[in-house]
Structure formats: structure tokens, C-alpha cells
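One structure is given below, encoded as C-alpha cells.
All chains are identified by letter, namely A, B, C and D, in their written order; residue positions are counted from 1 within each chain.
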Amino acid sequence: MKRSAVLLVSCPDAKGEVASISDFVYRHGGNILHADEHADGDSGLFLMRVEFDAKDFDIDLSQADLADFQKAFSAIAEQFHMTWRLALSSHRPRMIVFVSKYDHCLVDLLYRQRSGELACEIPLIVSNHADNQRVADFYQIPYAVVSITQDKKQAAEGRIRSLLEEHQADFMVLARYMQIFSSDFVNRYPQRIINIHHGFLPAFMGAKPYHQAFERGVKLIGATSHYVTEVLDDGPIIEQDVVRVSHRDTVEDLIRKGRDLEKVVLSRAVRWHVENRVLLYGNKTVVF
Amino acid sequence: MKRSAVLLVSCPDAKGEVASISDFVYRHGGNILHADEHADGDSGLFLMRVEFDAKDFDIDLSQADLADFQKAFSAIAEQFHMTWRLALSSHRPRMIVFVSKYDHCLVDLLYRQRSGELACEIPLIVSNHADNQRVADFYQIPYAVVSITQDKKQAAEGRIRSLLEEHQADFMVLARYMQIFSSDFVNRYPQRIINIHHGFLPAFMGAKPYHQAFERGVKLIGATSHYVTEVLDDGPIIEQDVVRVSHRDTVEDLIRKGRDLEKVVLSRAVRWHVENRVLLYGNKTVVF
Amino acid sequence: MKRSAVLLVSCPDAKGEVASISDFVYRHGGNILHADEHADGDSGLFLMRVEFDAKDFDIDLSQADLADFQKAFSAIAEQFHMTWRLALSSHRPRMIVFVSKYDHCLVDLLYRQRSGELACEIPLIVSNHADNQRVADFYQIPYAVVSITQDKKQAAEGRIRSLLEEHQADFMVLARYMQIFSSDFVNRYPQRIINIHHGFLPAFMGAKPYHQAFERGVKLIGATSHYVTEVLDDGPIIEQDVVRVSHRDTVEDLIRKGRDLEKVVLSRAVRWHVENRVLLYGNKTVVF
Amino acid sequence: MKRSAVLLVSCPDAKGEVASISDFVYRHGGNILHADEHADGDSGLFLMRVEFDAKDFDIDLSQADLADFQKAFSAIAEQFHMTWRLALSSHRPRMIVFVSKYDHCLVDLLYRQRSGELACEIPLIVSNHADNQRVADFYQIPYAVVSITQDKKQAAEGRIRSLLEEHQADFMVLARYMQIFSSDFVNRYPQRIINIHHGFLPAFMGAKPYHQAFERGVKLIGATSHYVTEVLDDGPIIEQDVVRVSHRDTVEDLIRKGRDLEKVVLSRAVRWHVENRVLLYGNKTVVF
């Protein structure tokens, strides 16, 4: 991969934003590789993603706190009231995978990461069951079992928070993790917890969505990957997909077909997150 | 089209049903063109569709009441407690199309019927607006305007029932018809009213589903064709499909993309109904 | 629609292009609504589409030859060796539709144009058959019959060229037009003739693609819309799509399913062309 | 799984076939679970698949050569000139997987088999490279490396044939196996070698199909699973699927997206083969 940087910007829509940002990159020796922007009429928000080759960039990007960049970019950022973030391709974000018993999404993510499809590190797998230790071993990734019982939820979440800190987690992926975090926990990690729901949201929220879909007699079933927020199954949707079913499919067939959906949908969402392609506006996402 | 017949059967699952039915057809000189069956584990129901070439069939099928067939088939029907129906390819069912202002589904159905894709007659179009008279004229189909106001709903439905009787309607298609029939009206025509809902049911029921989908930030939008029952948007689903959308799509884009979906989904449902491919079990459909 | 303008640029990839273009728009009072760019590694080409609100633009865009804009933009254009074009939303391009006997694509395009989905004019329909006169009349569009026989092809093409000139055609759409233009004719209208091929190119080139697909036993059939070039079925592809088929589908079913594909694929390609979203690089297209 | 049996029949189309077969099953105490048939107009062939619950079947199905069944069914089989086969759910077919370096299809098949999705045994993996030994070890499956060089092809194929015999192979799956078997080898195993081609056949036959697709600028890429015959990439197609691509996708992106396609398409084909759902007629397949 080239030594590139991604600048993500979100601000009120105004004239001159594309020009100011692209001129800034150009003036400092960056070569724009991809530029994408979106102006949302309803919220009056402007969102932009600029990926540039930083080989000849004249601002020092090696500082951990990017102080020089921050200083140089501050005039533009202030003028347009920007919320912004700079991500370097040299930094591989650290992803913690959470799993319960069903292992298909876990196995899929581990395979993709190892084969180079996901440009991230996986320093740790967390589970409420011991079942998937052997897979973790195969990929030589530490595997922490944290039991969660209703009465000791707070303690368990405290233990998880310690693990996240210890392993310097950048974000979490709930790969069919059958536990629901408390609001307090969720709110500490905004846009940093990705879930896969095995239904086409907002249809079939909650438990056993394939059984719900079977009962209703739908002709397509879906899966949805979204950021986790306080409200169950209500966070910003990153990706969805569907597959056709018929009267010949039993609930077991729906579950089987759904596994393929879940893997593909979750892995796309994770890849886009890792590549800094996802921006939020309200409860919705832009995927650049 | 060949001179063929379709036998539709629904009964409790039991041994010997396929053998008895196919033997009956064979013994009377019919040649089976297609046979499809489904045994539903949950309800214990057996459903079958047999299409056979009736050229050399030795039972008279020209009687309006099919009395000879009924007599011949009664032993099997009684033995297995069958609900059954025989449809002849020589009979083209009579479809009444209901429409309000949006004309895309109407235009699509009329075109398909004229081009031979739908083996039915369209003796009448009913609307609560005069807008689509010109399209009806182009296809030389009578066009009845029946205004529906809240306080005169009963009278309007009475008028519609007279029209249905007068035109010997076999079934109705609500092609983006923006009126809701009373339970009393709906219950008179079980499995005989087909609707197109411009959303992926059971998500986005009720009004303005594209606006709802836009607000929720889904990545796919859908359309659903179903039989109309008492409960709004809850009848047995015949067909559904989806199309991909992104943050770049406005509500207007969703509506535009949705039009293509609605046309395709509704026309498939109507064709399957016309070809006697749809059987009900509970609130679900088998499409053979 | 807003009073907007679309600037399309194609040039060798170099630093500062996004900055220069967006700065130019900004400096002259334009507000960028959408910006898209693509750098093609293989050919070293940079392609960009900028749509901007021209309400407060300080360069006169009302001149037929856009002389003032040309003058103002020339410095940048020359610096980066740009091929460029400016399209105004106030100009509705003039599309001539060619059709033979099959009318489904014609009917579909006329409906979409009238309903506002296609922001173009249709001053003329050209056919080698009289069959579709009635549809043209319904939409009140002139209909010219130009017979094409092998020995009088040159004369027929001469007649068509006169018609195109007379009706000030901007581009042509071959909506299942069963004639093949000469190289001489095609070369006069580069990227200005859109065709729909009823097969998934490059599979099933040439005649009777659905029969070819049926013989081969494929499980999906497709349709392809492309710009017409000298070599049959080899021009740059604008859009493709597929639909599932099975052993139960006869050739007639393939043709029926194909009609829906052809309509959707062709209409998307036409809309993107009309909205100035399609750029060429080599024998390929970017659809912004 | 229930103790069920699948009867597969292929014969010239004639009256009474469905009746004779279903009556035979019924008379001997079988309960039909699924029945599917297809009459192919072009070839005049009749194909049928009947799955029945054999719990109360009064013919002994425990004989290795099914002699009693053969004897009982022979009258019908001879009357209609049937080619037929009986498969028992109690028999799990033995699948040998062939692989080269790319491991995604191998890993996918092994995972699905272990999770119960594929009702077969995998007694052996054959490869021309040592690379995938570790995956085989994880799943505790023997892994045989058979190098194939141009001048020693005959010897290598002899070695493979011995391995197949030794492991009592029922069929082979080429999971991105980069070697081409000789005609002599292929002809020994009709309808018993399943391949995955990483292109949408018949487009992009032969080597590097993703590169070919990239060069041509297609908007969808595909994968095709088919039975291997003498002619390269020309055998009967079992399953195909496609995924959308755009100008933003590099060849590497096509390869990445293709991997997901290949896994899904191949695993569907293998599952249908294992469940005895695939019948041949000419160079085409029926998938019941």
C-alpha cells in the first residue's frame, strides 16, 4: 500500500469547502487519489473524504498527535466549523472481535484479515463461551473468556473495558455476539462498535429474526450491519443485503442462507470502517 | 397455448396423495406437463399443482360447472379431505384494475396484457380520479370513476361491487390505488384482491414507505405484492424484490427507483395468479 | 430543477487538478453540488465531473458558444491538457429514438421521458417499420419510416443523417433497432449512439442471444447497454444487469424476462447519458 | 436427517410416468416428501426426482447392490426405458477436494462440511502444492501432494486415480485447482468432477478471466460452477452468480469480490450434487 492519508471532514454546507480542502492538500505537496463529498439537503451538512498520496507532503505526519497538521489545517477548519479527522494508511487500526457460539462470522473475519483483505490488526478475541478457542489458536490470536451473567453485568463490562484499554482497541466488532451491552458501555464508544443483525432492519428487530421472517412468509431475507447505539437494532446502518427464499426453505434453510449473508454484509462494513470510508450524519451513514 | 388444465389441491398431508392424483390424471388420458407439490411441516398441509395436457382427457371439461369432473374426482377428494379447484387454460380470468393518480403500474399491466404476457382479460379500470382516462382509451378499456369520500364509503363500495358483478370480475388488482377498502368489502373477496405495497414488508407499513426508508437510512428499498386481507399490509406475500440505494439518493430517487420495482413485483404476482400458481397456507403463499 | 452546470474534464493525471478546478468554480461564485473524480492507473488518465449551482456564477453562461467561459477556463485547461465540456441543466438534449418492431424499450423510454424521469426532448422516432406509429401518436412525437434494404443502405443512412440534422439531434438511442449502421455512419457520432444488446456482453454477441443462452444452459441471462462503435457489440459498456433463469424457462420465458432487463438497463444508460454522468477512457466508461 | 431415499429418473417423455413412479413408491409404503419433474420439449426427455421417507418402505434398501429394489422397479424402468439411480440419505458421498495455492474455496468447503451444511465425507485433499497442509491438519483431513509437470502428466494422473480408488471417492471438486486433466482422465468420471470457473461462462473462458473482465469494462463479474468435460470450460453449468463492479474497482478488487462469488457458487453446486438434485440432459443441468 502507498503511504497515503485520508482526511475526513464534516461541517455545515457552505461555498468554497471543496476548493479550500483540495487547495490545502495541493499547496502542501499532496496528490489527491480519491475525493468524495456529499451535501445533505435535510441537515445542511457537508461531508467529505479526501485520500491523498503523502509521499511529498511537506507537513510532518509522523507525530503521534499530528500537531503540525492540526496547526496548519486549523484556519480552514475554523472558518468552516469543521469536525475532522486524519487517518494514515501506515496505521492499522486494532479491532477486537466479540463472539458467542456461532463461529461463521468470526472465522470469516479472521480469514479475511490474514489474507490481507482487512488492513487491521486483531489483537484479541472476546467471548462469553470457551467454544472458539481452537479457531483463535489456529490464527494465533489471544482469546479471552468473559462470562456475562445478568447480576454481574457491570463487573463483566468493567473487565471488557480493561481488556480494550490493555489491547489499545480502536474499535469492536460483534460477530454474532449474543450479549447486549449497557447504555453506559455503548455510549463510551460512539461509532466504534459494529454489529451484524441477522435480519433486514427495521423489519424483524430483536430476537430470532429468521423465525420471524419464516412466520411472516417473506420472499427475501436480509442481514444488516450497523453501528451500535443505546437503542437496540436502531443504530446507523452501514450495509445490508438480501437473498431470495421460497416456501421450500425451512427455518434451518433460512439460517443457512443467512450465514452467507451475514458474513458478506459484516465483512463489507468492517472493511469500509477500516478504510475510513464511513461518515455519520444524524442516524445515517455515508459510505464513500 | 395448448389446451391444458391446472388442478390445485390443498389437504392434510398423507401417504398416497401424489400417486392418487397423478394416477387419476393418467387413467383419464391426461398427460402431466408440470407437477409441483409442497408438504408444510408446521401446518401438516399438503399442497399440489398439476398441469396436464387435456387433449385426450376422457372427462368432459366443457361444462360450465365441471360436473363430470367433480363426480369423477370426488372419491379421491373425499378420501384425502381435499380442497381443490380445476382451472382451464381456455378460460382467461377477468381482472379489474384499480388505480388512483400514479399510473406506472397501470400502464405496465395494460402493456403486458396486450403483448400477451398476461393471459387474462381486462374488462374494466376503476379509479377515484379521472386522470387516467386517456391511457384507458388508448387500450380501449372502459374506465369507471368512483369517488370515495369518508362519509360515502359504503355507497362507493356498493357501486364497486355492482361494477364487479356486471363485468364478471374474477379478481382485482390495486395498482397503486390509494383507498383502503372496508373489512366487509375485503372479506367478500378472499385471495382475489392483489395489492402492491411500495415498501419491503413487514418494514415500512402504512403511509409514505419511501420517506420512512429514507429517514431510517436503509441501503436497499423494496416493494411487496400481497393478497389483501382485513389487516392493512398484513396479507399473504406473493412476491417481493429490492434495489440498492445510497446516501446519494434523495427521496425522489427512491420513488423513481421504487416505480421500477413496483411494476416488476406486481406484474410477477399478477402473472402467477393468472397462471394459477399461487396457493395459500395460513398467512403464507406457495408459488409453484 | 436548479440552474446548475456540469463540467466534465478528462486529462493526464497530475497534481493540483482537483484544487484548480474547484478553486475556479469557487472563485467565480459557483457552489459545488457534487464532485466526482477518477484516476485510472493503467492509462494515466484523470477524469472529473463537477456539478455546481450557477445562480451566482459571475461568468455569462447564456452565450450559445460559451465564449466567456471558454476564455476564463482556458488557462487551467491548457496547463493540464484538458479535454472538457460544460453542460447546462437548462439545456435539454435532443434524443432520437430508433426502433424496429419490438416496442417495449420504445414505450418505456417515452413513458419515462413524459413522466419527467429523463430530462431530454424526443423530437423524432425513426423506424424501418410502420408498426409503432400509434404509440408515437399517443405521445405526439413525429414518426419517420426509413426502409433499409441491403442495396440502398447508403441512401437510407443519408436520409437518416438529414433527419438528425433537421431535428438538431444531440444523440441517438437504438431501442431494439434491428439494423446495423455502416462504419462510416457510426464514426460520425462518437459516444452519441446508445444501443441495448439483449445479452450479457461479451457473452452471446451477435444474433439471437437468448437462443444462444438457452442452448448453453446458463443460469442467469443479461442485457447490456453500450455506445455503438465500428465493431459490432464491442463498444464501451455503460450498464449491464442480469436475471435468474432455470430449466423451467423456455426460450419464450427468457425473451419475456429479458424484456424487463432491457428496459431497465437501457433507461439507466440513457438517464446517465442525459445527466452527463458518463465519461470514456479507452473502450471503457466511468459512470459518475 | 430422516431415513429418506432419492430416486432419480431420466427417460423419453411419455404418458403415465409420474403416475407409475409415485404409485410404485406408495404401493411399497414410501411417503413422498418432495417430487419434482421436468419435461424438456427440445430433447423429448422426461426427468424426475422423488424424495421419499423410507421408514415403512417394504423393499430392503440395506443391500449394497440394491438388488431387491432393482428387481421390483425393473418393470417400470423397462416399460419407460428409464435411466435411473437410487440414493439413500444414509449414504454420505465421499468427496475429494483438489486445490492449488488459492485456499479460499478449500477453506470454505471444509468449514461448511464440518458445520453440517454438506452431507458428505471428505476423506482426502489433493494438491500440486504443499501450501495448504496446515488447513488440512486443522480439519484433520489427509493431504496428498501430487506434483504435475507437463512431461509427467500421465504418471501424475495415474497416481491420482489410485488415490481416488483407495479413498473410494464418489466425486471430485476442483476448488481453484490450477491443473487441466487429460481427456482420458476426465472421461472416466462423467458428472463426477465439479469445477469453479472464476468468470461468467461462456464469457471469459480460459486464463485470467478477471483480467479479461477488467479490460472489457464490464459492470458485473461472475463465477460459474460446472461439471468438467473434455472441452475446457464447456461442461454443463450447475450454478452461476454475479456481483456489481465499477470503474473504482481495480483488478485486485475484482479478484477480491470474485473470491466471495466463487465460494458461494461452488458451495451451492456441491450441496446440490451431494443432495442428488442435479440431473443432466444434453449439455445442460436441471437443478431440482
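In this text, contacts are C-beta pairs under 8 Å (C-beta built on N, C-alpha and C of every residue); 3 or more make two chains touch, one makes a residue touch a chain.
Computed from a prediction, not measured in an experiment: that's the story for all the values here.
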item	value
B-C or A-B, whichever has more C-beta pairs in contact	A-B
Classification of the subunit A:subunit C interface as same or different, half of numbers criterion	same
Chain located farthest away, centre of subunit D as origin (C-alpha)	C
Distance between chain centroids, defined by C-alpha means - subunit B, subunit C (Å)	37
Distance between the centres, which are taken as Cα means, of subunit B and subunit A, whole angstrom	43
In subunit D, residues with contacts to at least two other chains	34, 248
Subunit C contact footprint on subunit B (complex, rising order)	34, 104, 107, 111, 115, 117, 138, 248, 256, 260, 264
Subunit A-facing residues of subunit B, complex	38, 40-41, 200-204, 216-220, 222, 236-242, 246-248, 250, 282-287
Contact set on subunit B toward subunit D in their complex	15-20, 22-23, 25-27, 29, 31-37, 39
